[in-house]
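Pasting in a structure now, in structure tokens, and then I'll have a few things to ask.
Labels A, B and C are assigned to the chains in the order they are written; within every chain, residues are numbered from 1.
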Amino acid sequence: MTLDLASALNDLQTKKPLVHHITNAVTINDCANITLCIGAAPVMAEAPEEVAEMVAMAGALVLNIGTLSKSQISAMLIAGRAANDLEVPVILDPVGAGATMLRTESARRLLTELQVAVVKGNAGEIGLLAGAAGRVRGVDSAGLDGDPVAVCKSLVNAYSCTVAMSGATDIVTDGDRVVLIDNGDPRMGVVSGTGCMASSLTGAFAAGSRDQVCSTAAALAAFGLAGEKAAKRAFGPSSFKVALMDEVAALTPPVLSAGAKIRIL
Amino acid sequence: MTLDLASALNDLQTKKPLVHHITNAVTINDCANITLCIGAAPVMAEAPEEVAEMVAMAGALVLNIGTLSKSQISAMLIAGRAANDLEVPVILDPVGAGATMLRTESARRLLTELQVAVVKGNAGEIGLLAGAAGRVRGVDSAGLDGDPVAVCKSLVNAYSCTVAMSGATDIVTDGDRVVLIDNGDPRMGVVSGTGCMASSLTGAFAAGSRDQVCSTAAALAAFGLAGEKAAKRAFGPSSFKVALMDEVAALTPPVLSAGAKIRIL
Amino acid sequence: MTLDLASALNDLQTKKPLVHHITNAVTINDCANITLCIGAAPVMAEAPEEVAEMVAMAGALVLNIGTLSKSQISAMLIAGRAANDLEVPVILDPVGAGATMLRTESARRLLTELQVAVVKGNAGEIGLLAGAAGRVRGVDSAGLDGDPVAVCKSLVNAYSCTVAMSGATDIVTDGDRVVLIDNGDPRMGVVSGTGCMASSLTGAFAAGSRDQVCSTAAALAAFGLAGEKAAKRAFGPSSFKVALMDEVAALTPPVLSAGAKIRIL
């Protein structure tokens, strides 16, 4: 097996898909901007009255529970059902699942009631949802017991979705294939919203893709590669964030292909 | 006819008006910062219980429907009626009108129930509201059939307001006068929120002005000129955004007057 | 009396406390990022269903009323009571108190129903809450009649809390001790959210501290010192903001100790 990341980016930049987000208030601006940087078009809409209409225009739907409210859960279910009917891929970022009952139960409900294409979370979140001992503190992973790949596969089996676990090495798997991505820089952990931005990119790459392992790996490799480049010219976390977005916008298919550090198990 | 843009900026920077926003969650921070950069004072308040009180302190009210909710519509109507009573100019940015019924109907309702001083949108949004074939994809214009100036005049006639249509060339008209503004840079389209920021500046310039064609043209010329300057020293979209805000803050009346590319039809 | 600011920063960076925010939509991203920059971990959660659980993991709770809604007030009261039960310090930033009844009454209600550890506001807000003639325009102070230190002490007496009044010289007092902080740069007033960021830092330093005068003074000195450093390499307000966050992240205990401009009355 090989993954053609260059084609994945080329397809995205040719299609310029609309990526509908129902997302958190903390990083909503970052998600919009990173979506533009990679060459897609963001739209944020969460009024229950309009989400079904909006998702019908979109190439992907990103659900992020970082500042969840009851109204948002309703909107996510409505938008998600419409997306499922239209075969628009749904990406779920279960931010903080495990930290509170509301987040844990809402993440499980979204996974149960919707056909989610890709779940992307940190080790604690993925572990918790997989029924392993994932630990979450606020919105940060506080660790995971057990083998991370096995935990990811367990979540794949539970919900028939592609699973991405972020970390120093990102893991992407659909149960059959396991891809490890070694791109990235520690500074990404000192900027709020890098996890959310990675999910937005996952949505942008998922739009129109028939292989969510490839599209998700492309998204995470692209983001990590941009982080490596940004780290070379940043003074601190905020200038790093500016450089990170700039570097995402500067990515081209051959640059991504050359810089991706992918291992296929 | 000439437009005295230098005086418009000088008046703004002397008065430092409070600009009350009821706006979207995506770009609310950008709107606050750009308002400060030009020399005005932003306040964001959307609790229906407080908006009438807040707008009474303000020099302008900016309504932006980018992430509309039912509660926000109520707040916009309450604030807008108070603004009308107090002769505080109301600026409407009908973000995404045409993409969903909620946005289209809400924009029309605000235009019908309030006396809006300036409507500023992209070609798709203005076209749709004018009853022409404006097309909107998410929050982006997907084109317009017909002559843009005629479409703007049609919207002026429908609601007795000044209309601004953003684009490579911005159009501002009150039906009698038509002003074309050629300032700007293509990079402004790769940053989320430039349209919203332009509306915030339109609000800042509108405060206390008796000529909304002049104040709106000044706002759009100022923003476009800052974009031209920013493009010279940006690496990518995020450093461009930082430079754009810095350049707005560096504008002075003579710089604006010298750099504005205005044509009066 | 001396204040050991270096130890305060060292403690924070060792503990890396979780700082739970219920805050405004305008600057929520800035608050998250500045919390990360100083070495703590932010979490933003305001669903009434989850705030008591979330605050139980936290080292401090920051309540900021900058874009208040009725639902947020409920969440603040629930979270605040849980924080009080668990002896998690509560920081209140009464943004815009005095501008509208909703803000004034909500700030008073939070101060009355909760045991707030630190109230941090501008001169107008603190003056208004202290029953002096504080004036507020939007979210900005429009001045204060009377002696600022006496006004702060009056608010201390009313609610048994530490009071911080921001300004060119910041004042921190618990009634017995009065600390004046002369760090800062005028550019901080041209960036939206610097007041909110200062409150987030106050929360980060308050976590686990037994001396809220020291922890609050450390937060305000650290932020002001970072502002001084940032001003040396900024072109305008937005590049200043980037530099400000970078400089907060670069602070070390000895740098803070050497650069703090503290007077103890």
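Brief remarks follow.
Definition applied: a residue touches a chain if its C-beta (ideal position, glycine included) is under 8 Å from a C-beta of that chain, and two chains touch if they have at least 3 such contacts.
If you're wondering where the values come from, they're calculated on a predicted model, not measured in any experiment.
Counting steps between touching chains, the shortest path from chain A to chain C takes 1.
When the CA atoms of chain A are superposed on those of chain B, the rotation angle is 120 degrees to the nearest 5. In the contact between chain B and chain C, the residue numbers used by both copies make up under half of all numbers at that interface. If you average the CA atoms of chain B and of chain C, the two centres end up 33 Å from each other.
For chain A, residues touching at least two other chains, in rising order: 25, 29, 241-242.
Interface of chain B with chain C (complex): residues 18, 20, 25, 28-29, 32-33, 36-37, 41-47, 49-50, 53-54, 57-58, 71, 241-247, 249-250.
Looking at the complex, you find that chain B touches chain A at residues 24-27, 29-30, 66-70, 96, 99-103, 137-140, 190-193, 235-239, 241-242.
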